[in-house]
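In the two complexes below, chain A is the common chain; its partner is chain B in one and chain C in the other.
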Partner chain A sequence: MGNDKKAQKRKSSLTRTFGTQEVIVVGVIVILFLFFSLASQSFRRYTTVVTLCNYMYYILLMAIGVTFPLITAGVDLSIGTGIICYSIVGSYVISQMHMPVGVGMVVTMALALLFGFLNGIIIAKLDLPPFIVTLCTMMIVRGLGSILAGGLSGVWPMAGSPGSWCRSIFKINAGGKIIPIGMIWMILLIVIMSFVLRKTRTGRYIIAIGSNKEALRLSGVNVVKWQVAAYLISGFFAGLAAIAYACTFSNITPGTGAGLELDAIGGAIIGGTSMTGGSGSIFGTFLGVLVISLLKTGLPYVGLQANWQQIITGLVLIGAVTMDMTKRHKAAG
Partner chain B sequence: MKRTIALVLATVMALSVAACSNGGGTTASSASADSAASATDSGAKSGNGKTYHFEVVSKGFQSTYWQAVYKGAQSEIKKLNDKAGYEKYSMNFVGPDSESDVAAQVQQFTSALNAKPSAIGLAALDVNALLASIKKAQEAKIPIIGFDSGVPNAPKGAVLANASTDNYAAGKVAADGMYKKIKGRLGKDKKVRIGVVSQDATSESITNRGLGFIDGMIEKLTADGLKVFVTGNQKYVGDSKGSTGTQANANVILEVRVPSQTTTELCATEAGVILNESDTIAIFGTNQTGAEGVVTADETLHVCGTGDDQIIAVGFDSGSVLKGAVSGGSMYGAVTQAPVSIGSTVVDLMAAAAEGQSVKDKDTGCAFYTSENIGSPEIAQNLYD
Partner chain C sequence: MGDIILTMKGIDKTFPGVHALDHVDLEIRRGEVLALVGENGAGKSTLMKVLTGIYKKDSGTITYEGHPVEFNNPREAQDAGIVIVHQELNMIGHLTVAQNIFIGREPRNGPFIDDAKMNADAEKLFQELNIEIDPKETMSRLTVGRQQMCEIAKAISHRAKIIVFDEPSAALTDAEIAQLFKIIRDLRKKQLGIVYISHRMDEINQITDRVTVMRDGHNVGTMLTSKSSKEDIINRMVGRVIYENPKAQSNVKPDAPTVLKVEHLNAGRMVQDVSFELHKGEILGFAGLMGAGRTETARALFGADPKQSGEITINGKKVDIRSPEQAVRAGLSYLSEDRKRFGLMLKKSIAENSTITCLPKYCRGPFIDKHREREVSRKYVEELKTKTPSIDQMVINLSGGNQQKVIIGKWLIGDADIMIFDEPTRGIDVGAKQEIYELMNRLVSQGKSIIMISSELTEILRMSDRILVMCEGRITGELDIKDATQTKIMYFATQRA
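Let's look at the complex of A and B:
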């Protein structure tokens, strides 16, 4: 005990403010950035930043959302195929039913919230394992997206076509220079969701579910309600991610999306969210997603074939989980 | 309470699945955008004459390309029925969710066989996976007609005929169209890069097309006395005619990139890397998804165009994204196949085979289009959204 106190005192003010893992992750980001910049001339360009942002939006949005179920010691696997399903239905509303883009967005969000709610209610009310439940909804939304859109690939408005205003939510063209203004919304959402997680009742109960659900239940808190809230938040952000994906890439292929959730969950875990629940931060998730997106955009530049990129991303994840477990063992010992 | 909720949820789910499915059971994706229920053009058996039922197993409906194939097949069925004066032919058109979903296609092909059709149309994703089922069809004496990429390397005699684009030749058409445009920028004292973005290295139609392009380009360049170095994905490097120079002394570097999954966003990353190289003068996307990846990447980079200082992008197939890019000038041109004609030809071949006539392969053709001829009738009929 005495040693622990001393050790804590020795910690620098930096690690006290941000947490050890977050400081390490920042270090990793800096190293990755330097490495890619030195290894590839064409990586050192302004447009790389824009491309990086393009990738980051949908992964980050999914990751912010999924951080909440993760903190409750749950998980939401349905977000990856979910964003494809939601955006493909949105595209159907826009391009086949000829509705305004705004209506497509509302439909996308409504569907995402519906599945978030379904996940939550099944997990909380029936007390089923989140891994299994969301694995099932992952398969359901994958099939549903294809069926609802008639198996066709979906197209959201492209640059220059009517309704293309939706693209300028994330990037604007200012005199030939593309400005990734989506980052402003991301920062705003990070601040808001950090506040929700740390300072509101919702956030505090969600953390409490992850650390000791039984104790929380015994103290008279409606656990079901707050657990559903966590999945609803995940669904909401999956909806936003679907819109970000659609507005950036325009073209959505049905039946894909499996694996995208792992980028998001991986990001959250690298950022220090514990897989066993009870701890995590939105800022950490942001840093973790930055690592994932850096790998995604950077690795092709150093001449690696696509399959090597997956191997390296997997190795980085193992590192992050090991770090989390060592931390936990230390805390327990 | 819990049990009631479980029961209600299970019922709702089962009902909604039943409501969504079109009763066929085997149709993973129904073909029509208008109504999910019209993939089966069921034949009324009221006519006096003989009736034939066809099963068609496509590669899926991901791109609007397949939708055009379906339309061609559907209208040919109607035409033949009108001619016969009764519902002589009926067709069930199915396909898996994605072009990498080999297992789903095997299942659909097996179900199609169980329907005991008069003939079966097949665009195989992976011939090896389908071998057992193809043998069963042979034993049951159900004629198989290949379409689109067909059924390459099928057992002898199993596939009676193919209605398809010669993809290797189509790849050469793309190389030809691109070469004419970039000729002036090549030279023995120069070192430039031409990129290829291919959505995968497994599908026969796509690899053949990529190889056709690479080989076509190598032929043109070596004829000019230029040295070529092919690099990137092992499959393409290994199966193409190969390098005539080394990385150091090559006048043209042909770089092939393949993403880990067949999505636009991953194709866009690979395309972005090529477009970002300072020596890149041209890029080829081997199919709709690959070419859309090029367009998406260029939206950020703004380096493609038709000018002499811009990167010449060439695509394959159409769809609203590519059509927009070609008319707008950010993509120089693209090769279109004739999906409508593929659809109608496969029906014709199936009808002939079902009646025991001898059938043979039909090349359904392709053409290079740019912003100049995109509106001409012979091109426009094969472009789809």
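Let's look at the complex of A and C:
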């Protein structure tokens, strides 16, 4: 134990504030950024930042949400096909029922929350494995989205059409220059959710579920309630991600979305969320998503297309998981 | 009487904080059943684990068929012909009987497993043992008793010369026990050496030839079964020595009100019609052997496991407890015997563990008041003398005794009035044990009431004001502390229905 204390003291203040993994991930981000900038001239343009942001919003939102089930030692696989389903239903309300965009957003959020709640209640009440339950809802929402849209693409307001104000939630055009103001909302949400995770009862109980669910139950805490809360949060953010996706890309193809959840989950894990639950941070998740988004937008610039992105993302994930395991072994020993 | 097949001499084994085996000698003979008896923790299982290579001995020698041997793992022991049939069976439920018996050494036909030969070999084994089991049956469809027979068949297939049975009858019906004994007698006739670990006196009389009694890591005597009485064996098991001063009389005031009344509690096979009362300021000891149903009773009472029936009255009011949440609200707390699994968030700080039973009290709206949380956590670390560099220490880094204090602290912060301590000092070293005892005495003097489940008789006699003894899910005896002796408790603890 004496050695432990010394080791803790020796740690720099940087790693103490942010955690070792987060510092390493920041390093990776810097290296990736430098690498792409040096390797490709076109990467160094401002538009790259805009593209990066476009890709990052919905992945980040999903990732913030899914961090909560992950911390309970669960997972939510339904968010990827979920955001497609929810935004298609939203588009139906807007373009087929001719309702205002705001109503479409409310419907999108309501549906996302409903599925979050369903996931939570099935997992917590019936004590089923989260992986299986959310795998099933993933398939259900994928089918549902296609059926509700009648197989047609969902369309959200384009630039210039009525209701196009929704597009300027995430970027505004200031004198020919596009400014990704969505980042402001992202930072705001990161701060709020970090606060929820670290400073509130909800966050404490969600972390406690991942640490030792049975001990928490035997401490007289209603575990079902807080487990449902974790999936509700995940659903809520899937809803936000659906809106971000719709507002950014306007066109939504039914039946897609499978695999997007893996970008989000991968981001959370790269950011230091433990797959066995009990620890994780929203800021870490943000960094992890930044890595994934950088790879997504950067690799094409150096001539590596989608398949290579998959391979490299996979390798990065293995690295992140290895770090997590080493940490755990050290803690155990 | 057969000749000696195996001798263990001066076997010594120490675990951190426990001298599990203290220079133990043991002899196993051909064609003989040796009973190995003793209280929980006396060292029987440890000795057998040393014999079969699961544990490494610190010192001592094992001589097998005239040669010194040293097994590094169970596999080596098995290859040499020494096999243990565990209490918990090691069978794979999905596979067939024959697949289980020959697992890891399946007969081959080229690259393929020769199923026909495997089944035929298994059939032959069963014939040898006079058992009728279909080798092609799926293991999980057999009763526990028949699964155990498959274990025995597997042991025989290893050309075992010594078979150790570790409490084989614990999960068996009477008919299955009878069949087991028939098999054991057959094996004895075939000149195998057999060790039979059990708590059950009547079985020892029926099946064994000699008895070796263990207590506190010592071999305290070996005698012929036919020449020793049940009382004789029990007395040796518990010892006549008084280790620590037992409590002379109850400290509970005669007019102390009843704080908890449990009537006709039923929960599965392990809790049958349990009724008792707990008084204010009392330490009520629950004694019994392992598997007597004490933990199950506590968990059913606490709402951790479902119960079929039973009425619970706390401070004169009937309460409906169906979850730990309701139990905590009613003023109950449960300190599990398995602290790491059921008591603590190991990788969280002392502070975070401290307030988990009553977090709303340390919140302002939805927000945790970290200042007050730390304050109360620090207060209890000081009050309970928890040894830790700080309240931010992860509890995984604390010793067993200090972990227990963190758990006690969290229930005190939660303001529980009735505390169920399940094996409060298991895995805790002697010094910390003393502190936990003092703490429990202080708690009852402050008006808390305690139910203490313990398998250590000395602990029961030292701490309890009154003792309930359980056996096979029922309360078989109640003793006031001034009448209680180890022998009396053991008598009730082995009182099968």
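As a working rule, the second predicted complex is superposed on the first by the 333 of 333 C-alpha atoms of A that agree within 3 Å, B and C clash if a C-alpha of one lies under 4 Å from a C-alpha of the other, contacts with A are read in each partner's own complex, and residues count from 1 in each chain.
Definition applied: contacts are C-beta pairs under 8 Å (C-beta built on N, C-alpha and C of every residue); 3 or more make two chains touch, one makes a residue touch a chain.
Small disclaimer: the values here were computed from a predicted structure and weren't measured.
Undergrad: Label the relationship between chain B and chain C on chain A in the superposed model as either fit or clash.
TA: Partners fit side by side after overlay.
Undergrad: Regarding the shared-chain residue A:Ala215, is it in contact with chain B (first), chain C (second), both, or neither?
TA: second
Undergrad: Pick one for A:Thr273: touches chain B only (first), chain C only (second), both, or neither.
TA: A:Thr273 contacts neither chain B nor chain C.
Undergrad: Chain B or chain C: which reaches more residues on chain A?
TA: Here the partner covering more residues of chain A is B.
Undergrad: Touching A:Thr134 in the superposition: chain B (first), chain C (second), both, neither?
TA: The answer is neither, since A:Thr134 touches no partner chain.
Undergrad: Which partner does A:Arg204 contact after superposing on A: first (chain B), second (chain C), both, neither?
TA: Only chain C; A:Arg204 stays clear of chain B.
Undergrad: Can you work out, in whole Å, how close the C-alpha atoms of chain B and chain C get once everything is superposed?
TA: Minimum over all C-alpha pairs of chain B and chain C: 12 Å.
Undergrad: Both chain B and chain C touch chain A; at which residues?
TA: none
Undergrad: Okay, in this complex, where on chain C does chain A touch?
TA: Against chain A, the touching part of chain C is residues 302, 304, 323-325, 327-329, 334, 336, 341-348, 352, 356-357, 359-360, 363, 366-368, 370, 389, 394, 396-397, 410, 414.
Undergrad: Any idea which chain A residues touch chain C in the complex?
TA: Going by the criterion above, the answer is residues 1, 4-5, 199-202, 204-205, 207-208, 211-212, 214-222, 278-279, 331-332.
Undergrad: Flag every residue of chain A that touches chain B in the complex, lowest number first.
TA: It is residues 41-43, 45, 47-48, 50-51, 54-55, 96, 121-122, 125-127, 140, 142-144, 146-153, 155, 158-161, 171, 176, 178, 245, 248-256, 259, 296-297, 300-301, 305-307, 309-310 of chain A that touch chain B.
Undergrad: Which of the residues in chain B end up touching chain A in this complex?
TA: 2, 5-6, 9, 13, 20-21, 28-34, 36, 60-64, 67, 95-98, 101, 232-234, 257-266, 268-270, 272-273, 276-278, 289, 292, 296-297, 299-302, 319-321, 324, 328, 385
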